[in-house]
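In what follows, a single structure is set out as structure tokens and then discussed.
By written order: A, B, C and D. Residues from 1 in each chain.
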């Protein structure tokens, strides 16, 4: 990811800590991809009928992370209320998806890897949120 | 939009009122499109330099509406916390974008039309939120 | 959808026919939503294991329609090669999803409604493509 | 990115080379983020009026990469026609954006970094395309 390089070349002032934002952008991109892939891996499992909720939670988390990654990648005319609300929504999606995937982590490796990505993303969003509160 | 038809053919139980959800899905789709088009129209204005914040707010609102529309279009394994958090984030984005676009509505017709879509979406999200609180 | 109103307020010159573009934008928004909802409805069916390919095709079609709708909603610095390539990719996704959903249309109403949205979107993309070739 | 780990845990057969797909997924995620950030950095430049086409091209490329990354992250019921058409559309978007950003690379560091991400993504998409032709 070139998130750090892109933040360093931003031509105006940044109010937030660059390393916190870059870490969150990277975690969001990683989580969105892991959730998209985990939904698809669940879909290919023999026991797909037992993974319905996991698939749905994965799809929501991927959509939330993609939107939040884009919002965090913009800095022109920053509005702290918008950023905060999306970080809060996204960490709710990440926590819910991590809880769901961890419940199958012993049986499905893709759920174990995906849960790691969700927990890391939840932590990275929380760190940015703590900095802008 | 076929949102009502799709809700009527959903094979499991829906906990929320179908007409409220369908109205919100339609408002979210309309707002996402209006914001994408408004960002582009602002970009083509002679005074683009004065519309930077408007463009940024439009782009955030489009991304938020697209994610929230998708989440509201799913019902398998619904999690009220996830739905609620995304509706709250989305109405914050809609309100912020409506405020910004209304400030230029007298000068730019695309901002006037876009602000209408944002206010309608804010209201539709609030209506669903009131129903699930 | 406010796609026609937004096209009418675009401040620069449009090279393409406004009614063709507006019709395609609306069909893309409708198809993206129908495919997202159909994937979720399939996921809630008892026979979900037999609908794996349908769910995957729905998810791809929704992502393709969302991206293409956004590209068609922009007109600043239009590049016909980019527009054409995405319309071609999108109608491939729509045709594939329509074929798949039509195969279950007799058994699942959501697949019947979704197939209609995919066919309408395929036709609307083809109409724009014919106009820019 | 956990794309390699997710591919290794996919429970069914993969027809394509895992390292090619993982490299393309990573390049698509990186390019989508760089383009989103570059559009925003251009928006904050004093000479934003001269960067309109660059901003538009960035936004299209980000949307195309996001959709294509998701399609490449799914393997259930793969359809080579759909994959191929989206890779072709995406490399057109990447090439167009790279050409545009390279024209300002000497003046704007964000365009230089973004052009690198676009060229890398064009190459990664081409490599997958060559493998499935």
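The working rule: a residue touches a chain if its C-beta (ideal position, glycine included) is under 8 Å from a C-beta of that chain, and two chains touch if they have at least 3 such contacts.
Just so you know, these numbers come straight off a predicted model, no measurement behind them.
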> So which chains are sitting against chain B and chain D at once?
Replying inline: A, C
>> Report the chain whose CA-based centre is farthest from the CA-based centre of chain B.
In response: D
>> Centroid from C-alpha atoms only, then distance chain B to chain C, rounded to Å. What do you get?
In response: 19
> Roughly how many whole angstrom separate the Cα centroids of chain A and chain C?
Replying inline: 27
>> Using the touch definition from the top, which residues of chain A touch two or more other chains?
In response: 40, 43-44, 52, 55-56, 59, 66, 70, 74, 76
>> Quick check: in the complex, which residue numbers of chain A touch chain B?
In response: 52-53, 55-57, 59-60, 63-64, 66-67, 70-71, 74, 76-77, 79, 81-82, 85-86, 88-89, 92-93, 96
> Residues of chain D touching chain A in their complex?
Replying inline: 1-3, 5-12, 25, 29-30, 32-34, 36-38, 40-41, 43-45, 62, 66, 69-70, 73-76, 108-110, 112-114, 116-117
> Given the complex with chain A, which residues does chain C contribute to the contact?
Replying inline: 39-40, 43-44, 46, 48-49, 52, 55-56, 59
